[in-house]
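Shared between the two complexes below is subunit A, which pairs with subunit B and subunit C, respectively.
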Partner chain A sequence: MTVLRPSFFMSRTRDFLPLVLNLPAVILLLAFIAYPIGISFWMSLHRYNLRRPDQVYFHGLENYATILASSEFWNALWISLYFTFMAVLLVIVIAMAIALLLHESFRGRGVVRALLLIPWAIPGVVNGLMWVGLLGDYGAFNAMLEDTVAAVNYLFGINIVYTGMASPFVALNAAIGAHVWRSVPFACIIFLAAIQAIPTEQYRAARVDGATSWNRFRFITLPWLYHAVLVVAIFETMNGFRAFDLIYALTGGGPGDATHVIAWQTYKEAFARLDFGGANAYSYLITLITMTLAIIYIRLLYRRGLVQG
Partner chain B sequence: MWRRASLYIYALVAVIYLTLPFAWVAAVSFMPEREVTQQHWWPEEPTIGNYSLYFDVEGQSADVGAAIARQFPRAIVNSLIIGSAVMLLNLTCGSLAAYALSRLPFRGNLLLLLFFLGSRSVPGVAIMIPMYLLMRSYGLLDTHLSVILSHTTFTLPFTIWILKGYFQTVPLDLERAARVDGCTPLGALLRVFLPVTTPGLVAVGIFAFIASWGEFLFALLFTTTIASRPVTVLASDFAQELQVPFTVIAAGGVLVILLPLVLSFLFQRLIIQGIGGSVTG
Partner chain C sequence: MSGVRQPVKPRMTRRAFLQSSTAAGLGLVAGCNPAPPPGVIFKGWVYEPDLVRENLDYFERQTGIRVDYNAVSGNYHDKMVALHVGGAPMECCYVRDDDFAEWVEAGWLRPCDDLLAADPDTSAATADLFPYNLSSMTYGGKRYGLPYYTDFNIWIYNEPMLEAAGFDTPARTLDELTEQAIKVREARVRTPTGDVIEYPIMLNFRQSVLGFLDWWTLNYASEATLFDEDLNPTFPDDEDRRAETILQWLTDGIHRHRIISPSSLTAGQMRDHVASGRQVYGILNKYDLEYVNNRRNSAAADDELKRRGSDALHAKVYRMAPVPSISPDQHGTLGWTRMYCLTSRCREDRMQDAWALMKFLGARDAEGEYYTARRWFRLRGLGFAYRSLLDDPDIVAQTEQWGEIDKVREQSRHVRPRENIKAPWFPDFKIYYQPEIQKILLGQQSARDGLGKIAQRCRQLIADWS
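Entry: the complex of A and B
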């Protein structure tokens, strides 16, 4: 005979309130994230081109097969991987450098802290427009790059021709630079908080033991920051793969296909070619890639015992 | 002594890195077109002519792009409406959910947290087409509401995550005392908890507002006319008009950035502490 313990009923009523409190958020996310992503998958299994509205039919994984066989996809994937890898790396290094600076006490630290948020406050598309100017014919950075190339040519007796944003190499790396510039503040905020959480006794002890400043960074600061670095890496990987507004404003995917990152490619597929089936398959592949990377990162966090589940 | 000096050089490099790109654009926005081609760093004959195009409400100017520039004030109002609604929705839905997740132990809370985090990892381009079709079928295209809903859904998971972390730093005893004095859980939330957590709520609200102000993809897709078009989309429309001088585009950029910049300066301390503390905590 089953005995219903009173605690059973109590836990029922106790569970009720938290679920109600979560309801508004859950409904919003179900309606505008979960449902669309379900529809997106369903559409990706169809032939669905807006130019041919009479020919909408189910054809299984055909769209995926077409994409995986196309050179455009692999080109976009490769560019996105390069873009994201460089962005994550640079953001971590630069943000860490600034966070370490802001942790020191010096006169004017408040000013630096206030200026830190400038790049973050600038909308991505405006950031793109800004860098169009900075790297354009009369742009400040364009002039600097020209001078640098000229100096390098002179020093090494070589002859590199600088063609500005018309060069695929310059365009892609400029896009990365602009993206990194805007992403640094957020990462820096996270690093700063993590550095401030390190117990100061550890540094004092290390100083007593005569550790150099590099060793203090290497053996105290860095291990304490492991968690923060992974959090930033997750955020920046996602941001890197979804970089769209900057590309839209700065390069428009060009020159040629040099900055066709995967988000841009998806957008083109959908709203230039009007191939909704193919574009949904694209977007599913992006989701899969970012999710896979996120799972790898989260497993890393688990292995270190930093996430309690 | 050497240490001091190198620290200041280090700080100077950081300041230059963080400000130079924007500083140049801001300087250009006050230059006559001729000075840009001379590659000046500082306007020698400063002018506010580049800005006047944007406030020419009567519409006398026949300059290139004047028709779009005239819509700027309207677009700023659109962005304000959308951003404020997104902020309010984030704060209400977010604080309720985060309160439950951080305070009331219940079955399935880990699952729910994973659902929230998982929906943060869905990229915007992955759902843009279904969202577009959804908004079209409800007749919401070119309304504020379509943009508000999409911005709320992509900022909400982050809001919940940050607030959950922030709420956990508030000592439980406060609410226990309130509950002993006869408050219901909801009463404890409203009378004791919310006042204590105001700094965190402000940080998250500003964060959501600025994220909404800067969002581009959904705003671009859902809006077609000035009835709903926010200022980021208008700025890019404007820049695509051929032959608009860069000085004028720069002035437009400065106008778009102005509000988020002021907000981030005003709430700098709250944002840095509120966001940083709960992400790593």
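Entry: the complex of A and C
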């Protein structure tokens, strides 16, 4: 029997062909992802203010040092942490509750599932503008809040002055609410997919053992959802830290500095101060913080053995 | 019918796919560096682009010069920064006085002194400019622009509402205004839709790149000087502590007397709020007076004209008055300038054409008329930078339909641009002072402490930029 051996040329072609075929994708990734990431880091190490194009020079980590020494950064960081914590918590709780509901059989479930996706399809700026209308002076939500405050004043004989979006507390929490409203559908789809993957035998066995619905949720559903929770938590943490378009449209950073989230601060550095060195340093700090939080999530859930590797 | 399956013919061969991919790639590369269009490349923000195009069509007919006009949508400053940094071809563009110094410092604008020197007619028109406009278009002793439009802030009051509350003249000082506004609120005057007006005064203290003009307006009305000749801050210890007094008046107006709406910190588009008839007093761009007194836009004007049984277009429901000040002998307001500038990338072979376009838009046309400025005023009420136009019979007649020319003339004598607008650190100042003033208005810090912090930041910026 004759064994056919590939010629040198054929063997080389076979080795390189996959590389050649992947080359366009690799070039695109390098050009549009790796290069901007690299150049932005390089810029973050420079004094690079467009208002002084003649004074661009390398100054190491000074942009980072300046940012870390500024009160604006720490204020923005705390606001972003609060924003992100509340957003992640609310998104997980609300999305899980809706997913559990949508897992049940009822008439019109398909329609409800389709409707659920609408907020997710709305762009961030449009979402912001929509909430401007709802929370503005003549908005429905504003009227509801105003009436609620009036009712509380009447019932308890107190005198809380309702100032709407001019109140820092209302403005920040309204921004969180608008962010959550848009983020819930995505999380809900992930939870729904995870719930549908839970073997029904486990519920049947639990019922036979006399487990209550709460215990079935706690000991069957929730453990099966930890992986989904991790995915949602990481996504929402990143989204929370990057929240900009909503703030831009809804509050403009105000009142005072109540909604000066870190992404808003980055925007101001880049486009109001034209300090591209500082703005890139801000971006890298956001990346670092988000990455740290993601690692913490993964570590916590892995350590507890809740997520299988 | 045969049972033999025919081989599927590929719709596109591998060779054809590779050829078309290569062609598309080459097209993309070519598209990245297109040849600049013929004619003068001119960019501006989106304000009535159809009317701009009409003006340009007229210019093209007059001169035979072609203009490639592009209205830049979205955030004009941010997009233009990207275009300038990217070296996009452009002969001339709109520039706001807010961005003017920044763009000159960045080297994106070209001075036009040489072109003015060679053009005695346009040079002579300089003498006709309001001083604050001329100052706003000059940087480092060099002239960079010709005016697009300009205007100043005015104090407005709703005359029927004031009369309903028992007043026939508006308050002149801030203290009088407090008393008057409290009485207006107590009189429970109503909007055209029948709602009781809770807060008679609404101002614009929303944070924005172009915002907070009302703060400057109130300061200048009281003739406060916020910066010295070297642009060092004089507040909080400026003459008679006027800056502090004004901020305290505002804070008291919101929290103590409840005459100023807290929504002043968040609401945008003041003219729509005014036009809805929900406001007794406020500060408005002068050119918006036409808008709020035009029944097509304004429920307040429409309601008044219906009450009178008139089918006129305008009603002088809102009238202008001197901006209330600390003492009655003080006068002043804030003005701003929007201009046309040549960019530093203006091509040499298009320079004269670009200058002709600038002259047509920002000065006189080929027939010696302030064509564009007059047309903008006629169609949209936009203010103009040329003093002589205040005596133009058409402009006088038109102003009298919705305002009072004498008051416009009087007010235009007291206009000031922001004192530090040409400081290289103005953008840094702008993003710092707005939240700090909002914190004062929210009662989170005292007026003195807030102003002290802003002054401290100014000094730091001066040191950083010197």
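The rule is simple: the second predicted complex is superposed on the first by the 271 of 309 C-alpha atoms of A that agree within 3 Å, B and C clash if a C-alpha of one lies under 4 Å from a C-alpha of the other, contacts with A are read in each partner's own complex, and residues count from 1 in each chain.
What we mean here is this: contacts are C-beta pairs under 8 Å (C-beta built on N, C-alpha and C of every residue); 3 or more make two chains touch, one makes a residue touch a chain.
Bear in mind the structure is a predicted one, so any value in this text is a computation, not a measurement.
When both complexes are overlaid on chain A, the residue A:165 reaches subunit C alone and has no touch with subunit B. Shared-chain residue A:274: touches subunit C; no touch with subunit B.
In the superposition on chain A, contact of A:240 is made with neither subunit B nor subunit C. Set side by side, subunit B and subunit C differ in how many residues of subunit A they touch, and the one touching more is B.
In the superposition on chain A, A:140 makes contact with subunit B only, while subunit C stays out of contact range.
In the superposition on chain A, the residues of subunit A contacted by subunit B and by subunit C overlap at 136, 271. Residues 4, 7-8, 10-11, 14-15, 17-22, 24-25, 28, 36-37, 39, 41, 89, 92-94, 96-97, 99-101, 104, 106-110, 112, 115-116, 119-131, 133-134, 149-150, 152-154, 156-157, 160, 185-186, 210, 213-217, 221, 232-233, 235-236, 239, 246, 249-250, 253, 256-257, 260-261, 263-265, 268, 271-273, 275-277, 279-281 of subunit B are the ones that touch subunit A when the two sit in their complex.
Contacts from subunit A toward subunit B in the complex involve residues 11, 14-15, 17-19, 21-22, 24-26, 28-29, 31-37, 39-40, 43, 94, 97-98, 101, 104, 106, 108-109, 111-126, 129-134, 136, 138, 140-141, 143, 181, 184-186, 189-190, 192-194, 197, 227-228, 231, 238, 241-242, 244-245, 248-249, 263, 266-267, 270-271, 276, 279-280, 283-284, 286-287, 290-291, 294, 309. Those residues of subunit C that touch subunit A in the complex are listed here as 75, 77-78, 81, 85, 102, 105-107, 206-209, 262-267, 273, 424, 427-428, 430-431, 434-435, 438-439, 441-442, 444. Those residues of subunit A whose C-beta lies close enough to touch subunit C in the complex are 50-54, 136-137, 163-168, 171, 251-257, 260, 268, 271-274.
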